[in-house]
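A, B, C, D, E and F label the chains in the order they appear, each numbered from 1.
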Amino acid sequence: MMGGYGDVQLLKEDGTRLDGRAVDEMRPVEIKVGVLPAAQGSAWVKQGLNVAVCAVYGPMEAHPRKIQRQDRAVLDVRYNMAPFSTGERIRPGFNRRAREISKVTAEALESVVLLERYPRSKIRVEIEILAAEAGTRCAGITAASMALADAGIPMRDLVVGIASGKIQDTVVLDLDKAEDNYGQADLPAGICPNTGELVFLQMDGDLSIEEYNLAMEYNFKAAAEIHEIMVAALAAKYGGGEA
Amino acid sequence: MVAPVPNLLRQEIQRLAAQDKRIDGRGRWERRSVDLEVGLLYNAEGSAKVTWGDTVVYAGVKFELRTPWPDRPTQGSLMCGAELRPVAHVKYEPGPPSPESIELGRVVDRGIRESGCIDMDSLCIVPGEKVWGVMIDIHVMSDGGNIFDACGLAAIAALRTAIVPAERFDVGEDHVLAVSSTPIMASFTRAGGRFVYDPCEDEELGGDERIHITLGDKEHLHSLQKGLKGAFTPAEFAEILEVARTQCAELRDLVASKEGN
Amino acid sequence: MVAPVPNLLRQEIQRLAAQDKRIDGRGRWERRSVDLEVGLLYNAEGSAKVTWGDTVVYAGVKFELRTPWPDRPTQGSLMCGAELRPVAHVKYEPGPPSPESIELGRVVDRGIRESGCIDMDSLCIVPGEKVWGVMIDIHVMSDGGNIFDACGLAAIAALRTAIVPAERFDVGEDHVLAVSSTPIMASFTRAGGRFVYDPCEDEELGGDERIHITLGDKEHLHSLQKGLKGAFTPAEFAEILEVARTQCAELRDLVASKEGN
Amino acid sequence: MMGGYGDVQLLKEDGTRLDGRAVDEMRPVEIKVGVLPAAQGSAWVKQGLNVAVCAVYGPMEAHPRKIQRQDRAVLDVRYNMAPFSTGERIRPGFNRRAREISKVTAEALESVVLLERYPRSKIRVEIEILAAEAGTRCAGITAASMALADAGIPMRDLVVGIASGKIQDTVVLDLDKAEDNYGQADLPAGICPNTGELVFLQMDGDLSIEEYNLAMEYNFKAAAEIHEIMVAALAAKYGGGEA
Amino acid sequence: MMGGYGDVQLLKEDGTRLDGRAVDEMRPVEIKVGVLPAAQGSAWVKQGLNVAVCAVYGPMEAHPRKIQRQDRAVLDVRYNMAPFSTGERIRPGFNRRAREISKVTAEALESVVLLERYPRSKIRVEIEILAAEAGTRCAGITAASMALADAGIPMRDLVVGIASGKIQDTVVLDLDKAEDNYGQADLPAGICPNTGELVFLQMDGDLSIEEYNLAMEYNFKAAAEIHEIMVAALAAKYGGGEA
Amino acid sequence: MVAPVPNLLRQEIQRLAAQDKRIDGRGRWERRSVDLEVGLLYNAEGSAKVTWGDTVVYAGVKFELRTPWPDRPTQGSLMCGAELRPVAHVKYEPGPPSPESIELGRVVDRGIRESGCIDMDSLCIVPGEKVWGVMIDIHVMSDGGNIFDACGLAAIAALRTAIVPAERFDVGEDHVLAVSSTPIMASFTRAGGRFVYDPCEDEELGGDERIHITLGDKEHLHSLQKGLKGAFTPAEFAEILEVARTQCAELRDLVASKEGN
């Protein structure tokens, strides 16, 4: 979060945002599954101008053997930004930010995948960000849980990635790029829409406890909306209810 | 340890080849369906998505301001890289770029660079001070065979539809990148003892030699590469070169059909 | 292959939790003894050693002169890194930074950075030409559990007692680094099914989720991080946030007591 | 290939090249085998001012086991330029160019070595370029096939590395440094002198199909000449015909 | 060793050094063992303003198996400088200097540890330099042999690390930072106080053979003094004689 | 797992040592035949090839223009590196530089640097702006034992026959690099319980301690290094130091005989 929010006007006089959204309104979300023929399962998520694509491979034998777990599968998750996904090109390779996001994304997914069904095996989850406009880690989490569902991996619940934040001392849902650059706080969460639990949580910036509570309320509301889109995407492929 | 399946598959491909057939029903010099979309990705100044059979590839173009090399003060630069990331197939593992991925990037790069389709002098802003660096990154998302041709196609299509973001860098008005020709790659693999065009994934499992040919607008050769184990004769090369001429011309038209959108 | 001991230990922790007890006898929201020393290390412009139960952590602050970024000509920079080196525990191996070590450094960094305790403009020497770069390095020497809180405490204590070495760099007189607040981290782990504050090594072996909360002087949140496998409810979060407020205030006083020495 | 060929005169008025060679004349080639005592087999090739030295080790057990092949040996080939081999010093370490050349060189040699004779084993081929004056990959391939022969590894045929190219719109054999820098095309090939097959082929620049055919004709002619020098070098050590 | 010693006065008119020490006087040394609860054995050494801390782990199973020795343990030694230990911050990571010091330190310790007692196992020795004021490799060796003793690993003898050097054409004991920067030679040694043998030796700069002999005489004298402090530190923890 | 052969070999060396013999028939302080060639390599501004028994080593010198360090505006720089590449022996594997290779490079570097044979001020072109950086790279091609001495010899011979390529860099006329002395290394290994000079490959397999001594023109010590496991007494050191004096003097003459060619 930058500190320069004083200089940049992000809310209009009528209280709406620069792109016309209400404070508790998220960007448009589109989801498709089964987009990569070579993968066991795959998904494509567009949220605003973000594009996140995820491929799932496995369960397969985990090797080298020292990474195996006797009683469950291990999840091998990578979050990667394509070099052309950002304003300034980023060099290929796994930087510190990507490693941290990969770690916490893996831990979020481990909380819902029924890993105990596949002892000694490995499931690979590959998240590629092709276009980034703030909120890519959340789009990536949504894409990953859709690709896991598409691959037929059993899960306790889906996970929806969504963030709220604060701009000009106002809590708003789903920051876009300008809001992220000049905003005061960002609160990305990974929400299980059926159980109402959190499996992913980060935050940076400045939020009072009241502001935190409101931001999280927005996140839960949006998670329910995105969940409907996810269910519809699975239905579009599998012709029925949720996987 | 080598899995046994490829050997069985190899025998089947051999058997079919004896009847002049391919495992997916195509003719020897027939291409799979190819779909090309351009301009899809926010933040990329040029972008293309190629769906070539089960192969899916994206390419994106980015620009940066650079100081030119002292011995070439008016020349910008072009760089083309390909990443074979683990997203694309169960066989790709994370880690530093594999020899396969380096070869892929370098062969695509040479085909474009050596065709001379980008005039390096046209990338000059202030001689000796500021030139454009053009970077094409290719992201293989699904490897269903013949990624070389798909990557080459995505790269030139992204390049030919790219906008130079001069305004963002405060060096003039945005304008279309000047690209004077359309180099196209055609790849051949020995499958069942003979060469075929546009190998699918099963045909590549044999692991016999591949030949990659990049032809420019005038059907001149700009890049050749023989990969993998195996030997071929000059006569075999002459035969596939003829096929490449036809196929490259068709794909060049496909690229042209997406421009100016 | 997972060793069986953690499972037995996990059961014991579970059994104790049912009686509202912890394996080292503490109450659920009770902290281990914490000792803080500052200014120990020659060559570091600020330094702190934290002994937190069996955990021992050093932090050191160094300064360098930098050219500011063109778009922020008056702003210096702050960087905080943590190294989980093999000295700290038999479980840490040599090699490039592990995901655990990257997460640790980034979470501590965010807590300090986002609190705004360092005014980046105060690090300017000559606008557009020279600014200070402040680098906090944290060295974990003995991991006895809850290294996140120990590292956060060492980092802010080193920073709040640092001297800007202006004389050595010939840019004025040495002076105390201006740090306007004292962000403090409080960490919670699920052990035996419920959250506890300040987990010891045995409680961390369960491997269930951790929540790290950094609070500033006004009890605003500056950084949150959920780590490891597991889910939690908003109600659980509300409960630990209350505990964090009390604990962070106490540790903030501890830091204050070491200043001006 | 640079594009600046218009500025630099590479052919004299009498049609010969700057160093006096005819268009279809190669640089002098010298070859020795058995030059490195610690290696199983070794060779030294000087072509013009290029110096390539190759050591061969093995067949030995291939490990780690996952690189083993049940039915054949694997070839582990490295092409490396010494830091002092070029005009400007190059940093030690394996760059992208060296990795690509190592890969295609290995594939060329795999096409002639009787790998099926040594299942589960590995043969290491180490090519070091000590002085570079255009054409090092070809000199390296020649050196490697000589070192393999010196090590007594059975092969279907030797491989000769040789390149032709184009300067001032004229096809010429075996480019030297200036011709490579200011030329229009380069066509390096790996030729089996007995079978007449190609096991290595690269090309960059601009060649019409007719020019390609002429360049390849030059390559085949030169390969026959170099082959005689190779046979003589083996005879010098082993006192007889070709290995 | 710098060459600029002509410019900097390092000896006072009375023949003593800038910090008041005599030419054969070492800096104050303090030693503690058992300072890191997570380690099997540990030690803290302060010599002048240097601070070296060492942790020992093991003996444990050596893996991967290829590093195992049938007849003895292997020592895995790392010498590392904390980023804040030097005047100018050093980037984390293992540089060439640290790798060389780690190697020769390991070899010094291998000369005294009874490795044959623990076949197929590994002992890890982790030396961290927290503050550096010339002489860190010697302080690290002393700390390592103390941490090994604290971990109960049997040794033939302790090893004392100590250096002499030359400033203004005069041999002096235990160079401090200014003396190291502007001096003419440095002779660090690892001495076994009981056997009188050397297990570690480096030197750079310029020393005549006579100067070498005097410098080494100083080193042996200091080693005896430091040895007493080491024994006292062990006694302070274990309440008795030397381990 | 250790192969058993070295142990048998060790016993044989021990048995021979008891009779004051060596495995290749040499006397205890005897050197193998050494051949030195200089100026062989196109592109290297100085080069040398040393054939020392079964050991073959090349060294090459390159120059670059550098900006001097601000605190030493008139000083150029010298860098010496050695690569133990897999070409040299079946025991060397590809990968990042091993500790052995780093030690080798650093010991050779120290011997040359600390002898002061290159006056760093003589490498100045324009004070504060342009100085020469001299880089010696050593390439071990065949390791037949005692590569340290072979590398040290190749490095100083390449240096003493190097031409500063001033014309190519447009900073004056080409001239001979000024090198004021000839530091030479002599290495000893414990084999069969006693030290021997110039160990061959079999003698090094014992793995007992090595001592490397670099002596300058005036028989001053410029670099010492004890490597590998083992202990030695001051008396043993005094004995080998005497041998080093004689051997280094002979090799210094060999270098001199190749100069001015």
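The rule is short, and it goes like this: a contact is a pair of C-beta atoms (placed from the backbone, for glycine too) under 8 Å apart; a residue touches a chain by one contact, two chains touch by 3 or more.
Because the structure is a prediction, the values reported are computed rather than measured.
Where touching is counted per the definition, chain B and chain D have no chain in common.
The chain with its Cα centre farthest from the Cα centre of chain C is D. On a Cα centroid basis, the chain most remote from chain A in this structure is F.
Separating the CA-averaged centres of chain A and chain D is a span of 51 Å. Centre-to-centre spacing of chain B and chain E amounts to 57 Å, using the average Cα coordinate of each chain. Note: centroid distance chain E to chain F, computed from Cα atoms, is 26 Å. With each centre defined as the average position of its C-alpha atoms, the distance from chain C to chain F rounds to 48 Å. The set of chain B residues that touch two or more partner chains comprises 97. Among the residues of chain A, none is found touching two or more other chains.
Viewed as a contact network, the protein chains form a single closed ring in which every chain touches exactly two others.
In ring order, beginning at chain A and turning toward chain C, the chains are A, C, E, F, D, B.
Those residues of chain E that touch chain F in the shared complex are 1, 3, 65-66, 68-71, 96-97, 99-100, 102-104, 107, 110-112, 187, 192, 195-209, 212, 216. If you check the complex, the residues on chain A that touch chain B are 35-39, 42, 49-51, 53-55, 57, 60, 78, 80, 82-89, 92, 94, 124, 126, 128, 130-133. By the touch criterion given at the top, residues 1-2, 97, 99-100, 102-103, 105-106, 110, 113-116, 120, 209, 211, 216, 218-234, 237, 241 of chain F touch chain E in their complex.
Taken together, the chain B residues at the contact with chain A in this complex read 40-44, 47, 54-56, 58-62, 64, 81, 83, 85-90, 94, 97, 135, 137, 139, 141-144, 201.
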